[in-house]
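Listed next: structures, encoded as structure tokens.
One chain, chain A, links the two complexes that follow: it is found with chain B in the first and with chain C in the second.
== the complex of A and B ==
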């Protein structure tokens, strides 16, 4: 059964509607990545699911409890969850007292607090600062204090609101490793919001994309990154090629789309007549001469029109009747001696050509 | 030697302080006693009220806070006048016989700095930002635990507001003049004594008392900056 079940969640601040029609269910033991542009409502949704603030409307059940009907149980439910925020937040007290806060709120005995706090600080490598004033630590260290403060309370659900947005790569790696270990070994359910797409892919079992205050798509990382449900999602997940086109034929499970002067074959059942052709740059192969043997359904001659460095990759734009952007390793582009004006061939299998309706959301 | 009266006054002032002149000592102690006691009672009343205003949502909350901030600049002679009318024989609290007593001065200074302490307490608590409050809630604090945590977290800002209140009390002259009446040996404090001695050309005593008042104010400021650095 789902550990969190949200239906039609809505949140309004004054005249500002921050969330609308949010449907989301979270399974016990999974890591759910919540991705979306800044201001799409990720933080607000996490606070609502963590019962920090009430939704303006909708249904929400957490641990199987209907939270709308049973307001009196919020504190008990909230004490089974924990949340780490984007900005490192520490209180003006010692590191020890900071980490002990959640346990003290729960009335844990002094000797248990002592043992747990020491263990937790060991785990994040901050034992030597146990008596230091928490506000004197660096941002990365403060965030690790904040993480251990949440983890000592053994939350069954852990919420992470862009936890590594302000951190150096080292601290980011530490926090990601701890979260992945906790999920694997303790079966902790994790909801992590991030605008770092790579982090979402690295950590999450399932990804929900938030666009303009609602969950626009939820599914496996592969589905979200390769088969985005709309043009906006495709743009957010970094698809290089989003080309308007018109469906001209459908046969044998393949759809042919005319995009400018080029016909592209897609394995996606056509969702409408007017579509956007969505292709990730890394799914397109570039060849110096016409390949002798090629299984891909799409094989076109083309001319290189632009090369843009994205170290350690390059975006090579080619004109094959329509413009396509090919993402390839810089070293490979060098080996192929790619240059502007060069005549090349591009190939792409029909299954990497995804179609979304133009009139969609 | 017939030197400059200011220079002579200054030298005499130093002598009065160093020799612990009984009159100077007595006035200084009374001044500290009146203002410290007033600050203590004002804090006792204003801090809980300020916290109440901060933690409870009610209609007109914004207006209350604005009013308090306006009262920061309340002229001391106005407070003195109103309290005089209340405490005098023709007023409703005349039976307490507080007029021209240190007790009356304490009550009046308490009234004077309560709005300042309340307003600054609200500001101090508001200094705890939204993310910190979310963190406290997320950590599983009950309503009461949340309030305690926020007050403890803003303790240094609250202490600064108390020090500022004391600074206003010890340095004001309006209410202590009107309510105390500047009676020698009974209600004379640093500020009223300076006013009187200056008008009587008793510069040395004025300067001595002025140096002491400045030292107290400086002490308050040093304590403030120490607190605010935390």
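== the complex of A and C ==
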């Protein structure tokens, strides 16, 4: 059974609609990544799911409780959840007092608080700062204090609102490791919002993409990153090639699409006549000469027209009748001596060519 | 390089080994006058000058006859009146803290609306009214036949010429000072700090008690001092409903009209000294209170 079930959630501030038609269900024990551009409503949705603020409309059940009908139980429900915010927020008090806050709110006895706070600080590697003033710590350390402050209350659902947006890679890795361990060992359900696509892929079992105030697509990381549901989602998940085209034939499970002067074969059943061809740059192989043996359905001669550094990768734009961007390691591009004007071959299997309708959402 | 050569050529070498820059700065400062700053200082100085002159005036007069000053200052009428005024003011502030703090919090956290605007205007009414009008309003409401005065006098709470009357008049005129200051304080508490408390399992009141209120203590304190100062200085507002018991302003006015300048001046001087002392102490205490407010 879903631990969180949201239907048609809507949130309006004044006359600004921040969320509309949000449908989302979260399974117990999973890590759900919420990705989307800034301002797409991720933080607002998390605040609503954590019952910090009520939605303007829709249905929401948490732990199987209908939150609309049982408003008086919000505090009890909220005490079974925890949230970590984007900015490291600590109170101007000792680290100990910061971590103890949630336990004190729950009326836990002094000796239990003592024991749990020490355990929680051990878990995030901050035991030595127990007596320090929390505001004196660095940003990364403050965020770890904030995390242990949440974890000490043993939440069944943990919300993370872009928890590592302001942190250095080291602190980010620590926090990601703690969250992944908790999920694996304690079965904690985790909702993490992030605009760091790589983080979403690393951590999440399932990903929901938010675009302009609603969940545009939810599915496995593979589905979201390789088979995005629309042009906008494809753009957000960093697909380099989104090319308008027209379906010219369908046979044997393969669809042929004409994109400018090139026909590309796709394994996607065609969703419409007018489509966008969606291809990730790393799925295209680039060869110096025509390969003697190639399994890929698409093999085209091409000419290099631009090279753009994306350290440690490069985007190589080639013209093969239509423009394609190939993502490859910079060292490999050097080894192949790729340069503008060079004649090359590109190949791509039909199954990496994804199609979305042009008139879709 | 260019600048260095220029400096050397226009600047004679200092005789006693003083750094070049220092002498140049000194000379430049003498040569250049910022007329704007100077003008502002003169205008402001005139204003402060009036207060200084007034204080110097009364001080000189009083110090000329210390025996008379001491006699007046230690008379039971004056001491009782000062204690009464300060006590009534403190009671008014206490009531303001109890009733005004929740109001200020609601105002700080509610979204702008027409209703909120109306409430804010109502709170500010005592600020814009002449004090006699404020006094009359309080009198008409709390007098023996007034809307509130009648039922309350039935249960034995009389306002006319009684301490409760003094307190309620002080409360009325001082309320905007406290409420506005407190509201400002609550507005400065970031909502995300409150959200953190709530996600950690605090109910609304617990969150208010453990986060919002402690972080606004400094505003509460300065608002209370401001309101208290306003309350103990009230005259016109108070005499309408409670000419007796004499608060200090009434006593000075009474003494001025019956005994003349000399007696009233000595009372006034006593009040000045005590008020200075008290406010200085209160302000000093704010410094320690301020610590809690420094946060991320």
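Note that in this section the second predicted complex is superposed on the first by the 361 of 361 C-alpha atoms of A that agree within 3 Å, B and C clash if a C-alpha of one lies under 4 Å from a C-alpha of the other, contacts with A are read in each partner's own complex, and residues count from 1 in each chain.
Convention: a contact is a pair of C-beta atoms (placed from the backbone, for glycine too) under 8 Å apart; a residue touches a chain by one contact, two chains touch by 3 or more.
Note that the structure is predicted; figures quoted are calculated from it, not measured.
Trainee: Here chain A is shared; do chain B and chain C fit on it together or clash?
Mentor: clash
Trainee: Once the shared chain is lined up, is A:258 touching chain B (first), chain C (second), both, or neither of them?
Mentor: Neither: A:258 stays clear of chain B and chain C.
Trainee: Taking the superposition as given, does A:153 touch the first partner, chain B, the second, chain C, both, or neither?
Mentor: both
Trainee: Using the touch definition from the top, say if A:296 reaches chain B (first), chain C (second), both or neither.
Mentor: After superposing on A, A:296 lies clear of both chain B and chain C.
Trainee: Just to be sure I read the superposition right, which of the two partners does A:186 touch: chain B = first, chain C = second, or both, or neither?
Mentor: It touches nothing on chain B or chain C.
Trainee: Quick check for you: in the superposed arrangement, does A:307 touch first (chain B), second (chain C), both or neither?
Mentor: After superposition on chain A, A:307 lies in contact with neither partner.
Trainee: If the shared chain A is used to align the two complexes, which stretch of chain C, 3-11, 21-29 or 183-191, clashes with chain B?
Mentor: Between chain C and chain B, the clashing stretch is 183-191.
Trainee: If you lay the two complexes on top of each other, which residues of chain A touch chain B in one and chain C in the other?
Mentor: Touching chain B in the first complex and chain C in the second, residues 47, 50, 52, 75, 78-79, 81-83, 85, 87, 89, 91-92, 101-102, 105-106, 146, 149-150, 153, 159 of chain A appear in both lists.
Trainee: In the complex of these two chains, what residues of chain B are touching chain A?
Mentor: 131-132, 134-142, 145, 149, 153, 156, 230
Trainee: Within the complex, which stretch of chain A touches chain B?
Mentor: Listed in rising order, the residues of chain A that touch chain B are 47, 50, 52, 75, 78-79, 81-83, 85, 87, 89, 91-92, 101-102, 105-106, 146, 149-150, 153, 159.
Trainee: Taking the touch rule as given, give the residues of chain C at its contact with chain A in the complex, in rising order.
Mentor: 111, 192-193, 195-203, 206, 210-211, 292, 294-296
Trainee: Under the touch definition given earlier, write down the residues of chain A that touch chain C in their complex.
Mentor: 14, 47, 50, 52, 75, 78-79, 81-83, 85, 87, 89-92, 101-102, 105-106, 135, 146, 149-150, 153, 159
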